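Common to both upcoming complexes is subunit A, partnered first by subunit B, then by subunit C.
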Partner chain A sequence: MIQVHQYEKWWIGLSIAVLAVISITVGVAGFMLGVQVPVPEALVNPNTVAQSGNFSNPGVRQLAPKKYEVYVRAEANPWKFRPDKIEIPVGSTVTFYVTSADVQHGFKLEGTNINVQVLPGQVSKMTATFNQPGTYDFVCTEYCGVGHQNMFGTLTVK
Partner chain B sequence: MTASVIPLLKPTRLLYVMIALPVVGILAFTTLRPIQVLPRITLAPGFSLVDQNGARLTNEDLRGRIVLYNFTYANCGGACPQTSAVMRALQNRLGEIDAGEIPVALVTISFDPERDTPERLRAYATQVGADATRWRIATGDATRLKYALGGGFNLYYAPNPDDTFTFDPLFVLVDGWGIVRAYYKTATPATDRLLRDLRLIVDEARNSAGAARYAYEAAHVFLCSPP
Partner chain C sequence: MNAFAVEKKIAGWHVLVAILALVVGTLFGPLQGLEHMGINLYPALQSVGLQSYYQGLTLHGVLNALVWTTFFITGFLTLIVAKSLNRGLAFPKLSWAAFSVMVVGLLMAAVPLLLNLASVLYTMYPPLQAPWYYYLGLTLVVVGSWMSGWSMLTTWWAWRKDNKGATTPFLAFASLITMVLWQICTLGIASEILVLILPWSLGLVGGIDAQLSRTLFWFTGHPLVYFWLLPAYISWYGMMPKQAGGKLFSEQLARLAFWLFLLLSTPIGLHHQFVDPGLSAGWKYVHAVLTFAVFFPSLLTAFNVIASLENGGRARGGKGLLMWIRNLPWNEPSFTAQTLAMIIFAFGGIGGMVNASYDVNLVVHNTAWIPGHFHLTVGSGVTLTFIGVLYWLVPHLTGKKLWGAKAAIAQAWVWFVGMIIFSNGLHRLGLLDAPRRTMLGVANDNYGAADWLFPRLQVGIGGMILFVSVLLFVVVMLKTVLNKQTETVEMPVAEPLHQETIPAWLNNWQPWLVGTVVLILVAYGPILIQLISQIQFFSPGFVVWK
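Entry: the complex of A and B
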């Protein structure tokens, strides 16, 4: 039998406990709290995304009362989200579909848990419900070129 | 006594076995994917409609059937996205999946109730070659349709000034428990793909009895879905 020092036993026990706590946390978050990582919703051709399909005419669409979807196209040169002004009524559930026409961008919507990478060729989908009226800013969170700091927009809930 | 007779049941080894079994099970499921299932996406909405024969059609009437929905309107022509050909192709090939005890139904919902009377829908059914025993074409109250289709099925549609509609082509696959299992956001999903997905639901409904049920639940938990 190998002699293990008492302190070392404590450290081994602590490491196992940390692993167990992390596993349980991930399990609870995934299966009980419904935390979801953004998954690619669909694949698109970034070269034609601005010419055809829903991203060629991006904007807000109403599916049903208090239920909306927004198609957002992120573009470099000029660095811009299209649309960069979004208005929805209070209490709405909004699903965002975001894609890039060129390079990698990011889409972070302040005040919600929406913060997603925007990759060319891939559609990112996130949903949020807006129960508080106000102005929510969204910004690009990936350095995407010299005009990166100009990539922002506002979502107004009233 | 038994604990010392069977070596695996010694307390320390039992602990190792108890840790190893789930780990091996998880690894086996995530890598080998022994069972494939379609994910349970969300609950399908409730609705009450009137079909091409003037008969009532509700979501509850469709319990126990696997249903493929599409959405259009009878006057859909010209540049309007056509989805009925896919439904008819599928209707003709439903015999390939033996779904005797788990019937498959096709339902087309029109979002133009003002013009799509049962007579108009009957004419449309003839036009698209719908077999009335398998494929029902229905519509209902405009406001409730908006909640059921837009709110429930995530279908975007909006009327235009020239009496046409703008809409995104969409097919939705709902299982016998009323759970949405697949969305196809295209006017032309491959019939083979639809048949494969139908077969997966039929197999799950048929095989997930008794102990096999836990294997199917594990397949759901570990997201063993076909690409």
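Entry: the complex of A and C
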């Protein structure tokens, strides 16, 4: 066996305990308290998303009172989210579906937990509830070409 | 004849290319910092052939994160394997061939980078598409680094034949683990390039699967950081105690830490993909837990290295709970640079816990927080350690006396101060939702808020301070190589504090290698099977940076 100094034994015990506690905490937050990360939603053909299906006509759709879904198509050259202006009433729960028609993009909506990678061929789905009126920027967080810094939109909660 | 003349020559050439890459690569750093601060020099730079911020950022990432590190590491480890086993390389020609392959690969990749044909950033995410020879060049750099590892392994096998039953000396042992880890983990990027990217960039297949490519990239991308870090740890464990006038506190636990790195570095790549759409939450969480597990050997390292330094401080007359710190050789450039590197790295490690935290990652993913984090780790913990190593290594290789010890010490402190200002700015920007790899000066005209202004200034000013540090480093290196004063500098080798017998399980590759492979199969097998079964050859290549 190996010899371990007493202080070092304490350090090892403490290290393992801290790492275990953090692992459990983030797991509980993720799987029981509903802090979501995106999971596989659907596969799409990036070459045709602009022509057919939900992403060919992106925008806000009401599903029920205070319940909305938004389809967003990210595009490079010109660098744009379609739509880049979204309006919803206060208190709405909104599910976002985002995909890319070309290269990889990102979609991060300030003031929420929504922060996803947007890949061609995949649909990124995230939900948030908006109880504070105001305007919130959503920005592209992945390098997508020389116009990347101009790629953003705003969500208005009224 | 000069002992180890061949090995020194090999190491010297590697280190030369590494330093050139670091110096050229860091030239872009302050430009990026100034842009973030609102001073956009890129329009003016078009006249000298730099087409965009993003072309510069690609050069910065590739030269610093890939070229500087890989060339330094292969050169440094080649030398210390030979010296630590106290025998020449079994096949020095193999090391020379390795070096040549790496250089050819580097040149092949450099041409399209400089011509703005490959501004895909160092992650080269498809369907951004560079010319095929760019990818082939990067592949050759990796293959060359493998060959360099084979040269070390064959040397060790020869040593083992002559030393049956002996325990491999620590420096060689740890270097071999690093190279084997690299062999295993680069299978991800090798298959990404050879199977998916090359046929597609050559036009043989019409499309590529972005999600699968990313996953293969990060199979290599995370352990890559351990490939950078372990050589720094080798110096901290195996050399710095000696430089501090002390001994290695626990050699057994040092070895255990390296085995654990081999075991745990690879099956955790999904922590870079927590917010990818195509991967399930369960597997993301498994990788998150394994990521916390790989913190453990770093925590072991923290204790062991600090205890070893304390041993040195006390041996030099240090007293009290913490006053021994003052007795450490702060007048030694190599020691000072590496100790400051450790301190910065500790902050990086704490931030890393946040990144690794599965859902907390939602706050920071792809924000400026991330470059804030890795300039503390690879950009300082590793880079400043390697710079510290160079302060004895270059004299060791050239026989010249280190020029300007004071300037070298100032270099390390200036880096330390500049990096704290710079990195703190990026971390704060990240928490204010600023994205990474973005012209933030321009972006802030579009979105963001007034509270970005101050941390943006920090990034610019910190970047300029770092630039001063790089200039000091260049002067010290040049003046040293040209120095007329000679000096014989030996490689520092730390002795263990207690003559410990190394138990068989800490000296036997088999169980650890089997464990490594099994863990990778478990953590990646189902994911890769799922992704491959639904593979889509849809995405054509895009060139969106002209």
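Throughout what follows, the second predicted complex is superposed on the first by the 154 of 158 C-alpha atoms of A that agree within 3 Å, B and C clash if a C-alpha of one lies under 4 Å from a C-alpha of the other, contacts with A are read in each partner's own complex, and residues count from 1 in each chain.
Just so it is clear, a contact is a pair of C-beta atoms (placed from the backbone, for glycine too) under 8 Å apart; a residue touches a chain by one contact, two chains touch by 3 or more.
On a predicted model such as this, the values are computed, not experimentally measured, just so you know.
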Joint occupancy of subunit A by subunit B and subunit C, clash or fit: fit
Partner chain in contact with A:V139 - subunit B first, subunit C second, else both or neither: second
Which superposed partner A:K9 touches (first subunit B, second subunit C, both, neither): neither
Dominant toucher of subunit A (residue count), subunit B or subunit C: C
Subunit B versus subunit C as contact partner of A:K85, first or second or both or neither: neither
Which superposed partner A:N54 touches (first subunit B, second subunit C, both, neither): first
Which of subunit B and subunit C A:K158 touches, first, second, both or neither: neither
Partner chain in contact with A:Q62 - subunit B first, subunit C second, else both or neither: first
Distance in angstrom between the closest Cα atoms of subunit C and subunit B, superposition on A: 7
Contact residues of subunit A, present in both the subunit B and the subunit C interface: 31
Residue numbers on subunit A that touch subunit B, as the complex places them: 31, 42, 54, 61-65, 67, 69, 95
Touching residues on subunit A, where the partner in the complex is subunit C: 1-5, 7-8, 11-12, 15-16, 19-20, 22-23, 26-27, 29-31, 35-41, 43, 45-47, 76-77, 102-104, 106, 108, 110, 113-125, 137, 139-150, 152
Contact footprint of subunit A on subunit C as seen in their complex: 52, 54, 121, 125, 127-128, 209-211, 214, 249-250, 252-253, 256, 273-281, 284-285, 288-289, 292-293, 295-296, 299-300, 303-304, 307, 353, 357-363, 365-367, 433, 435-440, 442-443, 446-448, 498, 500, 503, 506, 534, 536, 538-540, 542, 544-546
Residue ranges of subunit B touching subunit A (in the complex, touch as defined): 146-147, 149-151, 154-156, 158, 168, 185, 221
